[in-house]
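Note that the chains are named A, B, C, D, E, F, G and H in the order they appear, and that numbering of residues resets to 1 at the start of each chain.
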Amino acid sequence: MRDAELKQLLRRLAAGEIDEAAAFDALRGSARLGFATVDLARGARCGFPEVVFAEGKSPADTAAIAARIHEHGQRVLITRATEAQFEAVASRIAGAVYHERARCITGPEGADATRVGHVAVLSAGTSDIPVAEEARVTAETLGAEVTARYDVGVAGLHRLAAEFDDFRSANVAVVVAGMEGALPSVVGGLFDRPVIAVPTSIGYGASFGGLAALLGMLNSCAAGVSVVNIDNGFGAGYLAALINRLAVTGDSTKP
Amino acid sequence: MRDAELKQLLRRLAAGEIDEAAAFDALRGSARLGFATVDLARGARCGFPEVVFAEGKSPADTAAIAARIHEHGQRVLITRATEAQFEAVASRIAGAVYHERARCITGPEGADATRVGHVAVLSAGTSDIPVAEEARVTAETLGAEVTARYDVGVAGLHRLAAEFDDFRSANVAVVVAGMEGALPSVVGGLFDRPVIAVPTSIGYGASFGGLAALLGMLNSCAAGVSVVNIDNGFGAGYLAALINRLAVTGDSTKP
Amino acid sequence: MRDAELKQLLRRLAAGEIDEAAAFDALRGSARLGFATVDLARGARCGFPEVVFAEGKSPADTAAIAARIHEHGQRVLITRATEAQFEAVASRIAGAVYHERARCITGPEGADATRVGHVAVLSAGTSDIPVAEEARVTAETLGAEVTARYDVGVAGLHRLAAEFDDFRSANVAVVVAGMEGALPSVVGGLFDRPVIAVPTSIGYGASFGGLAALLGMLNSCAAGVSVVNIDNGFGAGYLAALINRLAVTGDSTKP
Amino acid sequence: MRDAELKQLLRRLAAGEIDEAAAFDALRGSARLGFATVDLARGARCGFPEVVFAEGKSPADTAAIAARIHEHGQRVLITRATEAQFEAVASRIAGAVYHERARCITGPEGADATRVGHVAVLSAGTSDIPVAEEARVTAETLGAEVTARYDVGVAGLHRLAAEFDDFRSANVAVVVAGMEGALPSVVGGLFDRPVIAVPTSIGYGASFGGLAALLGMLNSCAAGVSVVNIDNGFGAGYLAALINRLAVTGDSTKP
Amino acid sequence: MRDAELKQLLRRLAAGEIDEAAAFDALRGSARLGFATVDLARGARCGFPEVVFAEGKSPADTAAIAARIHEHGQRVLITRATEAQFEAVASRIAGAVYHERARCITGPEGADATRVGHVAVLSAGTSDIPVAEEARVTAETLGAEVTARYDVGVAGLHRLAAEFDDFRSANVAVVVAGMEGALPSVVGGLFDRPVIAVPTSIGYGASFGGLAALLGMLNSCAAGVSVVNIDNGFGAGYLAALINRLAVTGDSTKP
Amino acid sequence: MRDAELKQLLRRLAAGEIDEAAAFDALRGSARLGFATVDLARGARCGFPEVVFAEGKSPADTAAIAARIHEHGQRVLITRATEAQFEAVASRIAGAVYHERARCITGPEGADATRVGHVAVLSAGTSDIPVAEEARVTAETLGAEVTARYDVGVAGLHRLAAEFDDFRSANVAVVVAGMEGALPSVVGGLFDRPVIAVPTSIGYGASFGGLAALLGMLNSCAAGVSVVNIDNGFGAGYLAALINRLAVTGDSTKP
Amino acid sequence: MRDAELKQLLRRLAAGEIDEAAAFDALRGSARLGFATVDLARGARCGFPEVVFAEGKSPADTAAIAARIHEHGQRVLITRATEAQFEAVASRIAGAVYHERARCITGPEGADATRVGHVAVLSAGTSDIPVAEEARVTAETLGAEVTARYDVGVAGLHRLAAEFDDFRSANVAVVVAGMEGALPSVVGGLFDRPVIAVPTSIGYGASFGGLAALLGMLNSCAAGVSVVNIDNGFGAGYLAALINRLAVTGDSTKP
Amino acid sequence: MRDAELKQLLRRLAAGEIDEAAAFDALRGSARLGFATVDLARGARCGFPEVVFAEGKSPADTAAIAARIHEHGQRVLITRATEAQFEAVASRIAGAVYHERARCITGPEGADATRVGHVAVLSAGTSDIPVAEEARVTAETLGAEVTARYDVGVAGLHRLAAEFDDFRSANVAVVVAGMEGALPSVVGGLFDRPVIAVPTSIGYGASFGGLAALLGMLNSCAAGVSVVNIDNGFGAGYLAALINRLAVTGDSTKP
């Protein structure tokens, strides 16, 4: 509850416009929820949909959660989803789409949906594509225009160079790589906007399930690079959409 | 060299306006530098200063590098600097400042310097302050307004709550924490802008030099959080300034 | 054998009330068992049931062990049990219950069973519930009243705040969390009783099978927090019941 | 602010006994502090002193903080303190004591101080004594009677057996061990109260700074054992005092 | 594009021998591809085939890629291939061979194919043979004569001694070993040419999936030993063929 | 070839008793085999059977190898064997036995087989029994009398005490334990002969596949304890039989 | 107390030869000490001296402990000792010797001291000598004849071969190696007696403080090899002396 | 001893040209040395100097070893040397040179010394230069022409591109990098000769002493890359000289 609202409430109580019980309920409500006001305000302000992590949920449960979100008028985004989960969702939400490579389900876009700004998504190898696609679908569902270019690893820099003009105007780049995880450093040296690095568990032997790529990215010698968890395409796409939104909407608040 | 420039050059050579040698020099120059055009354009466009990592450099060398940057009219920023290095720099650059807690040296701000936007820097404990200060000095030197609040760890959430209104309007938050590294998750749940998490090597025993905090932050359950290397206050401040700049200047490029 | 008992025995032998053979048997018995007297006394004093770890045991073996415990009048508690193991047990012990989410089997409660005190069990996410349920069933079977609240993670502090009044009066809290494992620190900052932290193997990528949560909890900045093994809901529930019992029964022994 | 207090405040405002500004200040105060009410209540209820972690603090700063706590009538406890820090503290607080082996400073005990209950502190080797002493001094400063027995490692069980009668009546045992960390398992098999295991960094080679002991304790086959961070004698002593207090004061709250 | 070629091109344009468009295409081609000239030149110069990593690819996709390479007149080499993938390939490329132990598919050798030089491939145990065979098939497909000797581990040095004369004349040795990975050190002490060590994931317990062998090889006390990733028989065979080719073809370039 | 033999050979050649070819064969044989003379001598001297590690071998291959050893009159010992492998072996070697818990196959004992000395095999928990049984079967097959006692973990020392008299006379003890791996330290403190510690992969969470037990055993505070690889019951049984043999046969060689 | 002794005691009490108090003292003494009877018997039987680990002890304390052992007629052995500690010891024990490379102090040998059997101590490099020397001094002080050969690493097998005849007759070999730790496997393949492997922390980079050597030794492909902690020369020498003693004294006990 | 030599020896003995003692000495000599013939032949054939690892050696010892090598006419190379060690060496070997950045001492080059072939040494950052210099000095001392280019990291590819023409003709490249270790992958994608990757311990935080760079290099997606130990500039320079020598001298041996 902001100061102005609180003063208003107290004035109305002092003025006898509301009684003690109503004032108590209003105050205890906010006291109970505490930080929650922030949380709700957040959804309202960003228009970002609620996201469901489907791994380990039954098709029926997944569909039930999705239907509830859909009924509240929010756009559905479900990550790590199987085809079986999609079928359950599709039987309750007309127009739901299964993004096979991304393993994501999205609800139908609203009639007035627009995509704004520009997010680039790059991956080093073809095996990294599922993670990159998860980032792409997430960023698009959250309202960003996305340019995706895959298989542009550091051992063939000419492919990267060939594609570079296409994403030079992006507000932010998501760079997905397994094995040695060197691509974000190379991109970070070429690109003067934020780079979100996503290590993948692709590799074998001393990749140790993505640890090699993760450490490589954390130690990147390029400034402007930050890292999310191994295989966390959703987290990267979400953050990219957040930064893209900031760039598009500007900032009117000053400290 | 962009297509238009190249065509122009070839046309002038075909037309005899320039000779082969001049064309060769122009082409070979760009061939030699290749991606470097990007790199130089970057400095020009962002106005971001070149940054010097002072660790392991002699005071004399540090001062020489700083003087060269200063003479080129760029603002000096030196991280991980000692007092001895500062004295050497100060003897060559009038108005240089030593930020003791941040272990940074900055050159004098230009007369027309302004800080724009709003970056929040928070730290969990008093021991994390040097890393947080490095982030603050970096972001300020790169032109961002910064609000810093330290010692707001998760075991005393009331302090965080008390300070929260002050940084609610920030475009991006840098959150610095050692030990279990839980603060970015808590902030990420309260704040609807990008959060850059910085693990520190503060702790003992099973903190393993910051590994515990690093893993905690990578596994954050809050969306919108990304991570930089342990103790990398500079990297976080740089990225925060980049995002803040995007928010302030908006984005006119579209894919 | 306590001093008084030993003196008594020797006096009886010296007095000819018992012969050498009986004295030998009594003494060698305790000598053979040695520390075992402690062990048996323990079961007697606490009324805590023997606990069976079912993983890797055949349904028949599990049922046989359970039946033997049941026949000795002790309450049965079997952890990490499958449905097949439950069916075998149920065919021998009428009234046995299978706690599906907790993967536990319990024998029928005695007619005069009461639950005392108050143990709180909290979990950060829905995926952590099996471990939390194992803690809850264990603590209840050992005689504690339990309040359980799940899905109160640190990225949504308002939910934690909303539930907090319900467990403020607990003697001890079991806090279960995977991913970054931050919840015990937050609870530890709010709650002035012992907090038992249970890391879970829930997560992916850099959670490394629960290592991230484990390290986070060990490095907790909140005092009053201790940690058990990854996924060890039983251990946490057992310890919580022990502390709860101490709080309820008081302490009449002085050093 | 509890419900009764809030209702009282609103009634007084409605009744005109206080004006809007006073009501606003009171409410905003608690709103600002939020969870802090819990925090303050905690200090009041437990009578536990504030604890200062001295590592990395200057003697002057350490003494200033200690003096402020002392002036508020709370008992001072400073851990990881050097002799230089003690001298600074002693010059401001008459009667301060330096516990050399524990590396702790305590302020003078109040005239009416009593120690209650019974906490046992055991260590496996002589090198573990500093950590064990930190636990002992902490628990004593927080009001517990402590029995300490050192050098009772598992390779000489007869020493443990010989000492066992002395701590059989303890409400809780703190067990400190480096190297293989086996002592808590052995004690846990003999003792039917909570055991708090503290791994130490004592050892060499494959002890990896206490990792071997830490893992050993987490995998303890004895129920009732939980673990704190490597070398965290303070944490163990604090938790032991908490449990001891619960045992002594009993529990009148029911869910 | 080398300087001479560029000067030639510009002269021809200035001389009107080619028009602007042709010059632009030639230059932009190399500009677009950038470093790719190197890449293509490489294939041309070495005659090394393109290699396909089959793991995770469908039989149809694998066959399609193989057919395209085959049609371009390059020899096909496919690693980590299954029998199903081989059948798909064989239906499109007559004469393709499946190397079962090596899990490799190779296309038919050209009529004029010769193998030159001498590469030795040794393995420590029978379980390491698949990795060793992958190295052998790779090196042979890339044109090297290979001598392979398996099961010559360090615990039976007499077998190694018995075989040693057969590979003493090799230009380079690939040494494959799991478990403690000691064989490369022993070979490196006997053999005055480069040794490429390949750790395998063979072993159990503290082999940690090949980590023990990897660390052993990196710490080899013998000079002239370098290491590739765990189980990376292909990488070792490729590098061995490269070194063998250098030894056979000599070097006429001087700095 | 020992000096005396070599001198003899040369003398016979010089004396014309043998010709050059025979001398060459004898010498080159030993030269070729080099250290192998040691190896063969070893088998001869010890009467230890050749041991087959069956994991990953086909039943047919396993049986073929076993038959060859059996035909050479050596006793067969096959570890990590499946029932299918046993059936294949049994069809070729009459009297072969499958030790189910140990997962070992042994050939029929010779008519004059005797077991000598005394090896103790202890395990901490029932889950460790397969590894302990592998050690027992190995040591027995190599001619040692074995006393095995299982389920004598450190959390119930009375069971260990009760069994202790039975193995006090052993020449060497194999101690098998998972989880925290504390049993070897306890046994090492009670027993004045060599203790061979075998960590097992039994456990969950922070046991990390036996790493916790392994580190615990390496850091054992008891002298006289050494460690073999995780789950390596064979290695421990083999070494125990070696030490037992030394104790029984005495030592007549002096430096 | 053995059965016969106990029966004897009870008979004497029943017969009135001793009174209750004496019987109580005798029984309680052994009860108090419990397993300690074993412990004392051990020292008596083996004649092995008590060993002092000097690291972290003051010279005065070290000397005091040493003097007490010396006065009880046991031979002094102090490991990890500094020169300052030696001087303090030498001022109290005439004839004490400082073994500089081994960092050990030994007391004067008794007049009737003899060394028996044969222990081999080998090291891979010159840097491993301090650890090897600690093993040698320990084994000699415990009564074993020792043959030591250093700098016989696997990269120069000819040196090992040249020295091999000298230790072929040893009852047990201690093999010390850092870096890749391969020497024990090679020795284990040549030598048909127990091999005790000691990893050292010698190395750099990926030796990770001896971890590479430790893992290599645990994964040794040679049977008969067991491992002690990194740099634990004492432990290896102690165990070697134990095995050597067994070989020399034979074994008259049978199960 | 080769077959022809052995037959010759035996014929001479049979023919009475030599006596038994001479034949015994010759044979026993080679038997004693065994593989050493290889070793000596190696030095002779390669002309490679013996290399001294100076770390931990006294200046006097270092100088004594160096003098002995120098007197045998071999060129001295001492790595990891301090200035004090150099002064001791220089006092005994006129013309010795201290390479400060490489921390190496070399003896005077022979009058007829020539450098052949072409080895490239590249480093990513200025901090990696000491390791790169160790590689350069080693390769030069072993007779290779070396082109060194430092500070060409992946975040500024234009610098790499600008330097690339200078080392395109090298037979082999040594690529030194700390932090994320990405440079070898990029170079490996551009360069069709062997690449030897050297991780350095340069970095902080999650570089974990070079582990991040090491893992990155092992997982390199470029073929033709192999890796040596962290900071092992010597090993890389040695191997590069070996490969360079092969390229220059060609190979006349065929299997």
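Observations, loosely collected:
FYI, contacts are C-beta pairs under 8 Å (C-beta built on N, C-alpha and C of every residue); 3 or more make two chains touch, one makes a residue touch a chain.
Values in this document were obtained by computation on a predicted structure and should not be read as measured data.
Listed by label, the chains touching subunit C and subunit D alike are A, B, F, G. Where the sister copies subunit E and subunit G meet, the same residue numbers recur on both sides for over half of the interface positions. Averaged C-alpha coordinates put the centre of subunit B at 40 Å from the centre of subunit D.
Averaged C-alpha coordinates give centres for subunit B and subunit G that are 57 Å from one another. Separating the centre of subunit E from that of subunit H, both taken as means of CA atoms, is a distance of 24 Å.
Among all residues of subunit H, those that touch two or more other chains are 34-35, 38-39, 156-157, 161, 189-190, 205-208, 211, 214, 218-219, 229-230.
Shown are all chain pairs that touch, namely A-B, A-C, A-D, A-E, A-H, B-C, B-D, B-E, B-H, C-D, C-F, C-G, D-F, D-G, E-F, E-G, E-H, F-G, F-H, G-H.
Listed in rising order, the residues of subunit G touching subunit E in the complex are 124-125, 153-157, 179-182, 185-186, 188-190, 203, 205-208, 211-213, 215-222.
The touching residues of subunit D, counted against subunit B in their complex, run 32-39, 56, 199, 201, 209-211, 214, 229-232.
Put simply, subunit F touches subunit H in their complex at residues 1, 3, 6-7, 10-11, 13-14, 16, 19-20, 23-24, 27-28, 31, 34-35. Put simply, subunit E touches subunit F in their complex at residues 127, 156-159, 161-162, 204-207. Of all residues in subunit H, those touching subunit E in their complex are 34-35, 38-39, 41-42, 45-46, 51, 117-118, 145, 147, 161, 166, 169-172, 189-194, 196, 214, 218-219, 223-230, 234-236, 238-239, 242-244, 246-251, 253-255.
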